[in-house]
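What follows is a pair of complexes built around subunit A, which joins subunit B in one and subunit C in the other.
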Partner chain A sequence: MTDSSKDLESEMGGSPPKTMDGSMTTFLGSMWEQITGFFKWHNLRRSLIQVGWAIMSIILALLVASLIMLGTGFNPIVAFSTLIGGALLQPDIIFWWATPLILTGLSVALAFRAGLFNIGAEGQLYMGSMAAAIVGFMAMLPIFVHPLLALLIGAVVGGLWAFVPAILKAYRGAHEVVTTMMMTYIAVPYFTTWLAAGPLRDPTLIQPQPQTPAIWPTAYLPELFGSFYLHFGFIIGILCVIGVWILLKNTVLGYEMRAVGLNEPAAEAAGINPKKMIVISLFLSGCLAGLGGAVEILGYYHRFYAGWSRGLGFDGITVAVLGANSPMGVLLGAIFFGFLRAGAIPMQTVGRVPAEMIDVIQGLVVLFVAAPKIVEWLAKREISWAQWIRKEPMKSLPIFLGSLFALIGSMILLAMAASMFGTLMVLDLIPDLPTLILTDPYMAMHVATLSLAIIFGVIGLYVFYALLRLEKRAIWAFLPLSIVLIILGVVNTLIFGGSLLIPLLVIGILGFVFAIWSYIVVVRQGVIFGGEF
Partner chain B sequence: MEVFSIYAIELENIWKVFPGNVQANCDITLRIGEGEVHGLLGENGAGKTTLMNVLYGLLSRTSGTVKIRGKEVNFKSPQDAIRLGIGMVHQHFKLIPIMTVTENVVLGAEPLYANLTANLKYWRPSINPALPTNFRSAEKKILRIAEENGLQIDPYAKIQDLSVGLQQRVELIKILYRDADILILDEPTAVLTPQEVDELFETLETFRKEGKTIILITHKLREPMTICDRITVLRRGELVGTVKRVDTSREQLAEMMVGRPVVFRVAKTPAKPTDTVLSVENLHVQDDRGLPAVRDISFEVKRGEILGLAGVHGNGQDELVEAIWGLRKVHHGEIYIEGERVTKYRPRKMRATGVGYIPQDRQKQGLILDFTTKENLILGGQHEPPFATGPRGFLLNALDITNYSNILVKDFDIRLRDIDEPISTLSGGNQQKVVAARAIGPNPKLLLASHPTRGLDVGATEYIHNVLIRMRDQGVAIFLISADLDEIRNVSDRIAVIFKGELVAIRTPEETDERELGLLMAGEQRAIPSEELTQ
Partner chain C sequence: MQIIDVLFWGWIIQATLTLGTPLVLAGLGGMFSERSGVVNIALEGMMLMGAWAAVAASWYTDNPWTGVFAAIISGLILGAVHGVISVKLKGNQIVSGTGIILFAAGFTTLMLWVIWGTAGASGQVITLPEVRVPIIGLVSPLTFAMLALIPICWYLLYRTPFGLRLRAAGEDPSTLDTAGISVENYRMYGVLISGMLAAIAGAQMSIGFGSRFTIGMTAGNGFLALAAMIFGNWNPIGTLFAGLFFGFLQAISYGVQFAPGWEWLIGYSSFINMIPYISVIVALGIIRRSVPPKAIGVPYIKEKQV
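Moving on to the complex of A and B:
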């Protein structure tokens, strides 16, 4: 099939494609086309939409996090100001934190693009870091060779750690989520910890610690800008971002990986070998994660500590999702998370807000970013309610969210009723109840609240069930339900000294909003559910 | 049949606009009389299914009026339409395969034992679902309906065990069970053999005699001409016209559908076949479940001829073409391309040997919808020069790819905005042109075309047929598989029929007719098997 010049001329009536000589010129030409292609409107629009989604999710996450902070007694303004200020005052820490996240994010994103879920980046990270540490302390090698060799071996070991799940998936169909996770369990709490605490333990320490000997200084990655934290690994991360971008867009391998990831039957029918692609993709993904571990050891820790990474591999998944699986997005996402982490300590020390709030924010961001994607995935699988959410979000969301809030509200009310009833039982007041109600206003209030809570708890359950069936009477019950939630929240806290004010207030107000919204949607406009999907 | 005293359905100035200013129905006014059989004709995307969905309550209309028997109605859901006696049978059956006929028929209208909640009218919709169902009465009713209408069916059979024709019968029973007297049928003959089509039309005649009103949605021209009283043609969301069957013809209908005169029989000179290109010998192939799908098939395709394989879906033709292309393992037997033994070749090598493949489902196997048109046009050839360059063919040569794509887009008249946009933005016809262009671009010796015009409108179908004839005249051997008998008879130089994995006949179009082919496709008539190999 190489006679390409003759192929198309007469039959197709056009000029045959001329194979340009000089592969470098064609490659540069391709790159130029890619870069200018980025600025074409539809590509730009897609990127802007993705960035917009990410920013919206972040804002929503911050809003919900503020509510949680308020509910638990912290001041969100103080929290955010110390977070942002603290991070900006230490920019080197931002990029230092981002470095391994860039690499693990790229690892997960690359696997995603090939249609694979590499959940085991953490294990590959650990194995890569252990391998780099071993190369680092084993012998002293020349000054450029040593770190390069350590990085290379770290990357390859990370790739090999993903190789077993890759083979299992390609030839046995074993789902990579399970296998990569299991490999992580082997690597992290067992294998590397054992190595660090046993055969490879640093013998020079007085008190035995599960860590390897320090690596030789020739293996160090240089620091950047004189910072104690930020090191050359960041540059490596950026180079990898560019490398993955070139791979995906400009190479045959990247094309074939993307083809298999988007539509495996079509790729297979066109002659691409999906098994080969699966193995290569997971291997490369593991290499990136292993490299992420390697750079941290060589650049900052300078030896392997058991358990040194508190979830960097899993954060890579978050970064990949936030970055919509594109190399640039991963870079930005990693920097964002680096920013959050850099601000966590100042937030805790200066603002007195626990650093765990960062985990909450991170989790919320993932939730808001992932939720629409999950809905879209379900819609493709022909789940009808997911398709409805996709088609008419303005109409379907108040129904589903309202139903959810009604359920939560009714659970809280029933719990409140149960505890109030419990108090009555413990204090042995039940036999005297009728007289007490008439004489003691406090008791009357107690019983009234208790009854209201029970009644509206049950109503809440009905609303939850009936709203999903789009019954109008559910909405007419929803409005009083939300009002009662608010009232009882107030009563509970102000009169009985409970702590349900904020939660019930939030749920009540939001429930009220959803109730009105559902009313407009279902009663006034008329919902057609189960339409043309 | 001239003037109808009562209009069963009146659609006045119906507009349906989807988000993004997609005008699916533009100012359509249509009146259908009581007891009339009305055909709704139009190409894919003309708006006929949308219009009927509006009528049935599946979609809300943007503006306009709907009247049933003179009374204006405002359906909020199909439940309202069903209550007024309107029933719809969809193109893709809404049946649950593992449940029985009875269970499917009563779904949504389950009969209860006694009206236990008769006095709790307000709460009934909430409580009824929890009460036990009276299947006995349902079965009796189903059998009664089956008797009255000549629709024999076994109420206890599971849907997955029924043929497609019988499944459609279940759909009809479903709407009769709900006492429908206005029936809307959406592309009912798409999946039926010619015999099953005849049976369906007999059933529709019975309905007509009972005074039911029937609306038949179709894009095939012969059906309205067979059975409808009047025919309405839609094009691009607008109503082109309503004609009486007696006043019109297939040609006029086609011209109304497309907007220009349409040629039915492709003008082609007789074939001049020369040497054999594809030779299949005693091929045995298994399907995904390990059961034999292709049993001992042998045939040849010569340079410069089109061999068409006719058969109902699911008789082994898909497995056959996948085995030839290399996607499926050959269990037994050999395949030769110009004498070269290619039995074990995978798709990439088949392509290198000079074979092109047009897969049967362009969205699942033909194209990658999220890829751009450019990327789809090189799919299958991306690893070779001129598309691959650099050390060991590692890099993609974007400039040559763009050149090649532009040439193909021009030659195949593919309508699109930008070759760098995802191919999902193209219409079905243009997408299929991309699939064809991709297979034909490298100048193959043999073209495997599997259902190449499935889901395409008359214009696109005509185009693809012309391309196939043109290739044939240039000496390409073409193996065509299709479930559309008209297509096979139009385009092929020789016709083979497959039934349950066996080749039951090979004929020339002159030697046979549609009736015989239909019988062969249904396994009725076994012809003398293929000593006609060396025709």
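Moving on to the complex of A and C:
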């Protein structure tokens, strides 16, 4: 055994599994070890940290999304309550949305474990769905055989669409990010649309949207629990999660794929053929994406519409990234995004917040996950705060509550500034603002309040950030912040007839109390910040 | 040659320039970023954001040039986000780019609701004043800006210390670091220039040859620009020709619908539109003419000082 293969083993945390050439009993025994191993403290702790990071990213994304909503004049509390309520009323829609996301997420995650970025899952999904639709309406086959054949062919065609970039990557060195993306643009707006509009167009329909004929009912996937949306594809998705998990953890192939992904030269020195692994893993990845398209056609749409998916393949990247490229993470991530999608329509119809807010949240989640250092830093701060609160509750609590007050207060101030700015914008007063300020005392008051709200809103945000960094000086900003909150509440109500008096007064007075309390604690008991955790 | 042919080819040249300008501009942007070693698939999102910012600013001020300015600002902001995540925080560049694309798509649609209260398209705004050129017809001022930028970019990249350092950051960052120059700073410059140029490209799409913003109006042009940059082998002159060639193909696919004698092509305009993507795959994988910068996509982490 060479040195580099020893390096590889220590990097991978164990020797390769020897299950595929062993008997069934050793295979089951090794699976049992894997399952019990999952609950061993070390592994559990690692997965808990992963989950914690994902949750932190989601929370940060929701916070920034709330700020955007406040800035654009929507109420985040209404938005989130209608989103959550609406999604919980129709749980079948959550899992219906999650079904293709599980498969495309697995597709991206599997390729990523082999060190490849399959950014073109969207194209493979379209090719797979087109192939499944063609088998669905052209072939006359008995029940059971028909959907199985359509799924198989859909998966294989999806895989073949990824096969071209795989060959080019392995043997010609063309970067897979570029080639899979180009293959997607060939497939989605041009090739499948041309097929659905030209040779395969349903001749009996007069709708302008390109679409193929409907598939035969023998090819339908059965519904689950009598739901209109949820179909057997969800079970297929779960089976694929388990399958990919076993593939990655328990088979020689999965071990070799992960080895190539972690350290290609070492893998090659250990006798693994990286080119073969690149081709196999991208092909399997394309198969999963194609299967994702096929189950949606057979289970719900029942025919191919040009442009039916609107980015399920790209959402797969989000799901895989959020799920840290592990099969279980992908399952949870897909259900989370399914939840957001299911709640988007109630949020728009009941809460009057555009459904596009979900896309904004999704982009923000990806951005926060892309920069693990932000989340890592925040997690460390959270842990040190939690330790401090447990150790010395009487000293830490007022400062902790004070920082929360600074955050909430600054959000209210920013929202107020945004709505006042919106008034100016609607009345079209911005171009001649300089003259208005000099001539009209009411306008001058308006602008002064606006600027005060912006300045102290930003200060409040900074105070929250500084207290996370355990900077002691920040607590001196509590008092001015609370006083400004109270003053602005009074001004807003008495002069402009606003309705923010009660919330601003409550927050302001609470902030005042926390400010005095933390000053007493700091002065009397000499709290030392930083260094001690 | 009949008068109708002259008109048709004049129109084709005009359309090639108009449709090629955003591709070349965004392609130049992508070139600066990738030459400095940062993959920028976020061009699509930056273009979309620039297109929206241009329309929004000219809507409020009735002046299209403030629109171009606002587009530049929005591009710089998105470039800074991409730069901070992928250069300063050493995050994954492709994941960050994907996040920016998703965010820009959602945010611009949301703002369409907020400003104009409609789901599909914005209100009409004043377009940039076009210049009349004989035979060709009206040409957007940004097209002339694009043509002027090509020699400027070439000079900047190949004949100045700035360009040398930028290229070194993408080819051999550790040598640049040994010379005492910050790799991070030059990568940030690359990404910022990239965001700015991509946003101007977006402005050309929204207030250059249209007069409104519609949902997802860039429709893959960001990736086409990326393709033009790769097909042009990561240099300004190649990017110009590749971008104009792709613009020409787009113009043909529109043109066949009304040009006499070209009717037989109407059913196959999808295939004309596919040519750019296929040519990139061929250039990158089969004839291997395009060679990317060596250190592209790898965050540079300084070695620990002993």
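Rule of thumb we're sticking to: the second predicted complex is superposed on the first by the 347 of 533 C-alpha atoms of A that agree within 3 Å, B and C clash if a C-alpha of one lies under 4 Å from a C-alpha of the other, contacts with A are read in each partner's own complex, and residues count from 1 in each chain.
FYI, a residue touches a chain if its C-beta (ideal position, glycine included) is under 8 Å from a C-beta of that chain, and two chains touch if they have at least 3 such contacts.
Bear in mind that the values here come from a model prediction, so they are computed numbers and not experimental data.
**Q** Let me test your reading of the model: by the given contact rule, A:N263 touches which partner, first (subunit B), second (subunit C), both or neither?
**A** A:N263 contacts subunit B only, not subunit C.
**Q** Between subunit B (first) and subunit C (second), which, if any, makes contact with A:W194: first, second, both or neither?
**A** second
**Q** In the overlaid three-chain picture, which partner chain does A:P354 touch, first (subunit B) or second (subunit C), both, or neither?
**A** The answer is second: A:P354 touches subunit C but not subunit B.
**Q** Looking at A:L60 after the superposition, I want to know if it touches subunit B, subunit C, both of them or none. Which is it: first, second, both, neither?
**A** neither
**Q** Per the contact definition in the header, classify A:L70: touching subunit B only (first), subunit C only (second), both, or neither.
**A** It touches nothing on subunit B or subunit C.
**Q** A:L424 contacts which: subunit B (first), subunit C (second), both, neither?
**A** Once the two structures are laid over each other on A, A:L424 reaches no partner at all.
**Q** Quick one: classify A:M181 as touching subunit B (first), subunit C (second), both or neither.
**A** second
**Q** Quick check on the output: what are the common subunit A residues between the subunit B footprint and the subunit C footprint?
**A** none
**Q** Where on subunit A does subunit C make contact in their complex?
**A** Subunit A residues touching subunit C: 68, 72-73, 117, 119, 164, 168, 172-175, 177-179, 181-183, 185-186, 189-191, 193-194, 198, 314, 317-318, 321, 354, 356-367, 369-374, 425, 430-431.
**Q** Of all residues in subunit A, which touch subunit B in the complex?
**A** Contacts found on subunit A: 1-2, 4, 7-8, 11-15, 17-20, 23, 26-27, 29-30, 33-34, 37, 40, 42-43, 249-253, 255-256, 258-259, 262-263, 265-273, 465-466, 469, 471, 473, 526-532.
**Q** Tell me, which parts of subunit B touch subunit A in their complex?
**A** Subunit B residues touching subunit A: 49-50, 53, 57-60, 76-78, 122, 125-126, 325, 327, 346-348, 350-352, 354, 357, 359, 364-371, 375, 379-380, 382-391, 393-400, 402-404, 407-408, 410-411, 418, 420-421, 441-443, 474.
**Q** State the interface residues of subunit C toward subunit A in the complex, per the touch definition above.
**A** Where subunit C meets subunit A, its residues are 39, 41, 60-61, 81, 84-86, 89-92, 94-96, 98-107, 109-111, 113-114, 219-220, 223-224, 226-227, 230, 267, 270-271, 273-274, 277-278, 280-281, 284-286, 288, 292.
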